[in-house]
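The first chain written gets the first letter, and so on, giving A, B and C; residue counts start at 1 in each chain.
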Amino acid sequence: MNQASGMHAADHYFVPEPSKYPIVGSIALLLFGSGAALWLNAVPVGRWLLFLGVATLIFMMFGWFGQVVRESEGGKYGHRVDKSFRWSMGWFIFSEVMFFAAFFGALFYARVLSVPWLSSGDNAALLWQGYTGAWPTAGPYAPDAFTPMGAWGIPAINTLILLSSGVTLTWAHYGLLNGKRGQLKLGLAVTILLGAIFLSLQAYEYAHAYADLNLRMDSGIYGSTFYLLTGFHGMHVTVGAIMLTVMLFRAFAGHFRPESHFGFEAAAWYWHFVDVVWLMLFVVVYWL
Amino acid sequence: MAAVTPEQLHGHHAPSGLMRWLTTTNHKDIGTMYMVFSFIMFLSGGVMALTIRAELFQPGLQVVQPEFFNQLTTMHGLVMVFGAIMPAFVGFANWMIPLMIGASDMAFARMNNWSFWLLPPAAILLIGSFFVPGGATAAGWTLYAPLSVQMGMGMDLAIFAIHIMGISSIMGAINIVVTVLNMRAPGMTMMKMPLFCWTWLITAYLLIAVMPVLAGAVTMVLTDRHFGTSFFNAAGGGDPVMYQHIFWFFGHPEVYIMILPAFGIVSQIIPTFARKPLFGYASMVYATASIAILSFAVWAHHMFATGMPAAGQLFFMYATMLIAVPTGVKVFNWVATMWRGALSFETPMLWAVGFIFVFTMGGFTGLICAIAPIDIQVQDTYYVVAHFHYVLVAGSLFALFAGAYYWLPKWTGHMPSEALGKLHFWCSMIFFNITFFPMHFLGLAGMPRRIPDYALQFADFNAMASVGAFGFGLSQLIFLVAVVKCIRGGERAAARSWESAEGLEWTVPSPAPHHTFEEAPVIR
Amino acid sequence: MGRAGRIAGLFLASFVPLAHAEQPHARYNLQQPVTGIAEQINDMHTLMLVICLFIFVGVFGVMFWAVFNHRKAKGAVAAHFHENTAVEIAWTVIPVLILLGMAWPATKTVIAMKDTSNPDITVKATGYQWKWGYDYLQGEGEGIRFLSALSTPREQIEGSAPKGDAYLLEVDNPLVVPVGKKIRVLLTANDVIHSWWVPAFGVKQDAIPGFIRDTWFRAEKEGIYRGNCAELCGRDHGFMPVVVHVLSAEKYAAWVAEQKAKATAASPSVTAPGQG
């Protein structure tokens, strides 16, 4: 039914052919989920299922996203598909915001409500005598003391790094918009490099926390919120950096035009979102 | 359910057989798969419910042991909520939204396939957890910590299943949002859209906002279980009640996720069989939006017995009560639509009217639960069980049946049997009330929920509920027969299968061809 | 009377508001209240029920009128109205007013329920999987402590012995309190969340591990009052009842004396059992 007489072509919305990738992805997650559950319960085969799941997932992503890139470069996506991508990326990022909100909510709840409750009134009088509840705290039971992570060392440097990476990324975007491909590639490369430095510093910080500060996942509510918030953030930086790396390869392959390059923009939106999450982390986890 | 012949399939190289279903990007195929899946899940959850009812038929332990009973209760809730009701509505959205707004397919057809095909792995993990050492999780569908921290491996499987279903829901919801916002045919303005599209659009926003929060909650349970964190452990400075806040921040919007599309379906059906336009279209849209917005501010009405400060109890009580206002607007609008219409009662209309009648009873008991002091008495009793089965079974499920009978002609090309449909309706209606009405009395008189055995004064009503449950379960087999017969044959359905049905879906032939609106229709 | 007959009888009885007043166990409505709070809750519930019933009859009266009279089969011709701002405003505003009427008494009761100040006796109740521990912290009986667990024999549950009258609602050592005194109950738990619930007192309070929550009651009538744990707490959640004996001041004093005597007789570390 595609006898594209000019006007109808404009109306046509690209609908992809049947594809095997989704079912591959489903199998990957089945392996991943069952593998993780088995591994956590000390069933040795679990680990292998998990790795197999991850490998399958990577295979799926290569295939699927590769196809999307080919379709995009093949000019199949018109203006309306582009708009769909924009809406969907926006709402996807919103869902990520809500995921982080659960953990920020937990931190907020602990600091504003549960810790003060535990250290006052009947709770302090009958259950947790002598607990002062000063933040940071590992809770009233606190078997091991720990030193909290200061804000003005590595975290402050990391803040600067991520903020500058936002700038370099925008600079790359201007390069793309103005047809300066060199600026695009350089900007992207520098951004990815900054992301990598951020992650290395973060890894160093964790090692330092475990080795020198006795600050661990099981250091009560402080350790819990610290590691889950920064850990999930770090995972998101990793994903963002991978996305940007793909964009760098695509830039080298000559993809993207000044008027249509949503793949790049999506990665950039994601990167900025990860940036903003870090700023909030810096303020509420490290600083205050 | 679509009677599609291979010739109708796209292109010459389209896969056939099993591969067609595994790889399809067609919204109708995917919609059909969602519905078949959800019906299978409904039967599985139903078998669990019947086992529960068998154990509760009389006092004493006869059928199952307490630990397994708790597993059944938990899995019944999880399977029904995440496996039956939610996917069924997504199936309706897939089939109908593109047809209703004149789109050629969903905005992201390939991702749509993945949204569906994530569900079977999740179901395998969930149901498979019955067979691991320690059995399935027995912490209730709410998975309250620290009980859920005590559970065995079944709990981890449930957590991963929830993660996967969450990914599926979020992708499905994004797809629906984008389809509704970006794929409408020229001239189909937002305020001309069928109400079903509106209710689903708003539902999709709820999903995007709360599914990630549930993922966060169960992730914290996972790390508390295995990695030594103390989110829900007071000794480490956390709080078990914090889990409940996070869970219900998801959980309350979740119950509206299961009812708003039902409101949409009923709002399509009532005008058709009243032969009169829907009364108060705009106020329906605003009411739906108000319910959704309010749903974010009422979560702690599930937690009145945790001992919140008085100010908290009062705030959540007032906010919850307010929801009666927009819901009332909807009920009144439906009644006003019927008023001075030319009514006829084909099967879909029977279900829709039955829905309004019985759902409203569930709404009223909800309101009674919302009064904090009364809730102190009925929290965690069968009164609550009665409340939520009135809104979930007689609400969501009845609306799903209404919609199925309404659109079966479009899906299969045949009219469903009126005789079977009506039999299904009356059996369900009667047995439903025999099952769940006595639970109000049980709850008020003091029978706790989630118990395998009970004091003697509760025996009569429990016996009655159990008999009703088996009757209700058997009645559902009528539906299966009706659907199979409808696919196999029967009176041919016209494009406009119901005399005065309005909307674009009735302008395409029945059964709807595999591809519709490849060129957008123009709406005046 | 067979089971079917009893069910039918209960159904009929449910329409006669006072028929249950003297029944030992409630069957279709809230249990007979013995505290002021429970009384208020009962009244509020009745009020809500009546209001909802009125609205229900009104709304569905209209709907069924339409169902029976505006049928196509009866030659009805559909009108075409689909909006009416005045009625729409009315049916938004009137429910708000009704809700305000409901919220007012509820607010007063919420505030009263939260007022745990100036108790005569304070008892701490601790939830364990699956029993309750009681600790008299202040007031007459201070220092008494014991555990309270289900006393229904296993055979009754498994069906090899006939079930007794208080099947599943009986414990070895009930909580004992004097009549007419304000009892403050502090709740906590040792493992998972439990919930301490005595319907006749209008009291239900979750027992949360690591936290103390409180509630109170003042029982106005002597007697034995029974409830359950009301939060899923694992395997035997259905088997951890709450039983409270409310005694006259003299009998209570005697009970306290007896407990103290037992405690000094036994070695100090042992928990003293109460009366059966």
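Worth pointing out:
Assume contacts are C-beta pairs under 8 Å (C-beta built on N, C-alpha and C of every residue); 3 or more make two chains touch, one makes a residue touch a chain.
These numbers come from a predicted model, not from an experiment.
In terms of inter-chain touching, the protein chains here all touch one another pairwise. By number of C-beta pairs in contact, B-C leads when B-C and A-C are compared.
Chain geometry summary: the mean Cα position of subunit B and that of subunit C are 31 Å apart.
Centres computed as Cα averages put subunit A at a distance of 48 Å from subunit C. Under the contact definition stated at the top, the residues of subunit B that touch 2 or more other chains are 233-235, 239, 241.
Among the residues of subunit A, those touching two or more other chains are numbered 117-118, 127, 140. Multi-chain contact residues of subunit C, defined as those touching 2 or more other chains: 210-211, 214. Of all residues in subunit A, those touching subunit B in their complex are 1-2, 8, 11-13, 15-23, 25-27, 29-30, 32-34, 36-38, 40-41, 64, 80, 83-84, 87-88, 91-92, 94-96, 98-103, 105-106, 109-110, 113-115, 117-118, 127, 133, 137-141, 216-218, 220-225, 227-228. Partner subunit A is touched in their complex by these residues of subunit C: 124, 186, 188, 210-212, 214.
Those residues of subunit C that touch subunit B in the complex are listed here as 3, 6-7, 10, 14, 25-31, 37-38, 40-41, 44-45, 48-49, 52, 55-56, 59-60, 62-63, 66-67, 70-73, 76-84, 87-88, 91-92, 95-96, 99, 102-103, 106-107, 109-111, 113-114, 156-159, 163, 165-169, 187, 191-193, 195, 197, 199, 202-206, 208-211, 213-215, 227-239.
By the touch rule above, subunit B contacts subunit A in their complex via residues 10-11, 14-15, 19-20, 22-25, 103-105, 107-111, 113-114, 117-118, 120-122, 124-125, 128, 152-153, 156-157, 159-161, 163-164, 167, 170, 173-175, 177-178, 181-183, 208-213, 215-217, 219-220, 222-231, 233-239, 241-242, 245-246, 249, 515, 518-520. Note for the complex: subunit B touches subunit C at residues 59-62, 66-67, 70, 138-140, 144, 146-147, 150, 233-235, 239-241, 274-283, 305-307, 309-310, 313-314, 317-318, 321-322, 324-325, 328-329, 331-332, 335-345, 353, 356-357, 360-361, 364, 367-368, 371-374, 376-377, 379-381, 441, 444-446, 448, 450-457, 460-461, 463-464.
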